[in-house]
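The following pair of complexes shares a single chain, subunit A, combined with subunit B in the former and subunit C in the latter.
Up next, the complex of A and B:
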């Protein structure tokens, strides 16, 4: 399967582990990611708040490039970063809804010799592509080193499941795509209640007290559930939980040491790829002690909590989910 | 045609039509059209003065045809046909132009609406001059009635009709009648024991000589029309011989097979493989569920057969098909409850101590899985605090926009029952608005307020077990914006009850199709008129009662069931029914015997005479749909009141102002 690939600025630097692991797993999963040539900033969170029209023009330049570089027909553009995914989808959607906006944006694009017809490019998040296009069955077949006994907290963050647009691929309030994916890899997935709560976003720069409290809640909850690692799909979430974990500990007198990893890194491990190809070692909170817990056999003694008393009432049967 | 004298009447309908259409202009214009003798506009044509005007004109001006431009023929066609008849004109020498629903209500553009009204009137005039006098067809009414659904609606309607001396077939899908009301513990606001008021009526149904109870049965097919329906019912194999079974229950006691009861106990309790849904079940015969029966699954066991004193167990029983003929049908198919799993942030199915309202209803019922004890999912611990979340799946554009109408009251009832059983337990109600608009409902609300229930106004954002602050550990935390104080609140509780809304039956569309009637966007059956004909449907002889029409509580359901029953009784007591003679007829001289129409007829109303090689319509079965008329390659079939001439003239009339002549189909 061939996709245009829009890495976004984070994956160039601070989230290079995400980029590296994405590239590493793409090959064995048969995802052909062709990086968009000459791509530019997605506008991140700030620019849309500053001035809408230039922001949309900026974002749409990437869509126009994707359309240009792929020739006629409909194409898919994959973004691993939640903010990039949201901005690209949003610009496309708003231009589809408002021909006036599309016209103005196209006047701006024309200055660079480009044009874009809304709806031509379908923006996808990397998680969506891996879970729904590659499929869990195909992944399961390729798992050589299952992540037995690694307790993972799947953390989606606020943006990826909430565009509310046509390409929404999971439940807005309680997504489960990554839960199912990680279970396929053999990991023990905790039912992480704060999976779609806020990581603090750019509050770390504006109002650190607020951000630290939001980060603390996530770390506390994951730690209450005895998660070995928190798994993310967004560079912002990863940065906040990882880089500010130390600040949280100092501020609240806690001692959390929960490594924050990208889901692509765990896919890579389960597929048997060497850790060096997956960007390990770039995280602030050392992942090695947690990863050492991965066992060669699933621990069967860990079912004590599941055994039910004879008097206990049956739990509701869930549809679809195992 | 030149001797035809047509009267045209344009109705204002107050301002409903006159606001958008220049009715005077239409009337003045109509008076100048060919064949029109007199044309008038009037404020309310349907009033007795309006009707008298038509009658007077027929007498004084010698009108031979009448056109009324007003509302939908569904509303008043019969009214004006009656006026024609009173003045000595055949009722079919009349035509209605619907300039309200099809015109004035659809636009604000006065000029084009007026123009369209003229076209519609002209079409009606051109059509009516080709009308032929027809006589109504008397149809005898089969005095038997079919009732689908054995909840409180079906039970009530069945008893009313049976007590009037007519026979009723009551078809119920589940092994017992009783419906949702049998699952409920207490009814609001009187706190009557639901079973105590319901079971006597169930027993009456079971014993009534005029009621044939077909439980564990499903409707498969419906043919025919009002007065004479033929229905096919599949009686599912119970694997119990009803003629021999005494209902002693020995088989149930000895059965080693166990299964989760996901119907009656909504997954909160277990039942045996041979079971009755509940002790007072009617009929008293149990059912063997092959899915959980050890004999059916593994070929060994037959414990029930061994213990049955009357040898009533029959593992070889097959589904039986019954053919019933009835004159009228009442649909009382009820409702489903909203599936709380669709709102995952409320935790149902993930967080053990989140319950649905029906689970709680079973729990608090003395005959339920906990013998009436209010306990957490562990089966032993009584909750010290309970949060009841209203409007789960209701009043929410993501799920159902409508109000389910019963949840507020049953939630208040739960609060009361918790106070009664666990006096030290705190109860929180999270509501959007309290809707207590029934007899003694508001008073009940005040009673619960005085009992000390906390009311927090706001839609709950989520239920979580993620503790954030001290005091939250081990609790379920309800996160909500209290809209009365404008603050986010976190309320830690032990138990959460989701007051799930009411929704239409999952298969209501298919049932509606079976009867050739419609469902609204939410899947509820459409009544003939929401205000004045709530239990009639667009299909004559098919009535609806209870929550299959929309969410409603027991009193309204019972009232509707009674209303449907009285409609049926009044039809039966007439003995015969005058049906509109709008039927197809085959001209035997023109019929080529191709038989295309034979298989096309959805009502099986066309037979083929082998000897003469011609087809013939059985008038009594024909519904006048016109499928055969348009399909006949020899134009041998005519639909009475919808002849080619009539339809084509109407089209030409509508297109009166089109300049160029459009080559229409050649007239036959």
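Up next, the complex of A and C:
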């Protein structure tokens, strides 16, 4: 299936591992990603804090370019970054709801010879496309190197699942798409309580104490559940949890060494793609010791490791739950 | 009893906030239940929780609202917004308060969070010049301005990013930068929300 692809500024360099692994898994999963030509920054959460209309015009230039590039018929724009996904879908939704806003934005766009009709483009997050368009069954067929024995904490962060402007694809507080995806890849998925809590976003720059505490909570929670890795779908979450893990350890006297990987990197490994094509090695916390745990299929009949003891009341269990 | 005032009243601070927020933010429906503050990851560090801020807005206490750090400590995680029983566009109102506080010049006040607005302004400066964000420039310029003595602490992180090929040394410029600048200039002239 063919989509326009909006990588966003982070994926160009800071999160190039995300971009690289996305491109690597797109081929075997039959996702045709065509990069939006000459796209511009979505403004993150900064532009809107300074000036409203230019912020919407900035985002809408991308929507207008996507509509032009696709022509009639194909109207899907895929964003792997949480902030880009939110901004693109939110601007579209608010312009649909407010014709006055749409009109003003279009007057601005006209200064650059562009126009955009709200609702033309459907912005999708990459996880949504992989889980719901490609589908878990199709992915399962292609898994050649299952991630047996790897305990993963699925971390969604905040905005991908939160307000879901126009296209809510999962629960706002207890999402499960990535849990199911990672289980399909053979990994042991922990029931991660803080899976949709905030990583602190730009607070690492503005008020580091606030951010470090939020990062600490996430690392502690994953560590309490004995996760080998935290799996993320957002460049900001990856940066905060990975690059600032050392600062957290210094600040709180902890000793966390939890690698933070992109879900696309794990898909790549399970599909048997070489690690060199998946951007490994760019993480601050070395992922190799954790990945070395991937081994043969565990004995599913062994009940010794079950969380509930035999005296407990019978409770429903999800397939593959640990 | 008797005469009811039907003459149009002057816009209050409350009206201003609503007018500057896109769409219908539903602010008048606030029940003061406090779900927002209870859900907020940085609520403990705020001068006033979102619930209290909405009460201050309703009371017309513009100065107290725009001087507080509340909006600047909002991490934009939308937790409050999806939990709000009245579906108030809380995060968007926080953005409105940030813009109003910059416009009123109150954000430079030491009781507020001048760093946060400077970070945003430095960020958009790069976007307006190149069309894309530029992390090295942003971090350097912003920290030189606000934490020059801490710059040395930033070096290991910066070097680590560079060694892992996660940092551009020069900004990337889009081809249609003039088109983008024309659009942004026009948008600034138009101003206002909708």
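Everything below uses one rule, namely that the second predicted complex is superposed on the first by the 301 of 322 C-alpha atoms of A that agree within 3 Å, B and C clash if a C-alpha of one lies under 4 Å from a C-alpha of the other, contacts with A are read in each partner's own complex, and residues count from 1 in each chain.
Following the convention adopted for this analysis, contacts are C-beta pairs under 8 Å (C-beta built on N, C-alpha and C of every residue); 3 or more make two chains touch, one makes a residue touch a chain.
Since the model is a prediction, treat every value here as computed from it, not as a measurement.
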Q) Who does A:136 touch here: subunit B (first), subunit C (second), both, or neither? A) neither
Q.
I'd like to know which partner A:275 touches here: subunit B for first, subunit C for second, both or neither.
A. neither
Q: Look at A:173 in the shared chain and tell me whether it touches subunit B only, subunit C only, both, or neither; answer first, second, both or neither.
A: both
Q. What is the contact status of A:220 with respect to subunit B (first) and subunit C (second): first, second, both, or neither?
A. first
(Q) One more residue to check, A:312. First (subunit B), second (subunit C), both or neither? (A) first
Q: Classify the contacts of A:193 with the two partner chains as first (subunit B alone), second (subunit C alone), both, or neither.
A: first
Q.
Under the stated touch criterion, name the partner, subunit B or subunit C, that contacts more residues in subunit A.
A. C
Q. Do any residues of subunit A touch both subunit B and subunit C, and if so, which are they?
A. 173
Q: Would you tell me which residues of subunit C are touching subunit A in their complex?
A: 20, 22-24, 41-42, 45, 72-73, 75-79, 81-83, 91, 95-96, 98-99, 102, 113, 115-117, 119-121, 123-124, 127, 131-133, 135, 139, 142, 157, 160-161, 164-168, 172, 174-176, 179-180, 182-188, 190-194
(Q) If we count contacts the way the header does, which residues on subunit A are in touch with subunit C in the complex? (A) 9, 12-16, 38-41, 43-54, 56-58, 61, 94, 97-98, 100-105, 107-114, 158-159, 162-163, 172-173, 197-198, 200-203, 205-207, 209-210, 214, 243, 281-284
Q) Which of the residues in subunit B come into contact with subunit A in the complex? A) 260, 262, 267-270, 341, 343-345, 348-350, 352, 356, 359, 363, 369-370, 375, 377-380, 462, 464-468
Q: Using the touch definition up top, name the residues of subunit A that touch subunit B in the complex.
A: 171, 173-174, 176, 191, 193-194, 217, 220-221, 224, 309, 311-319
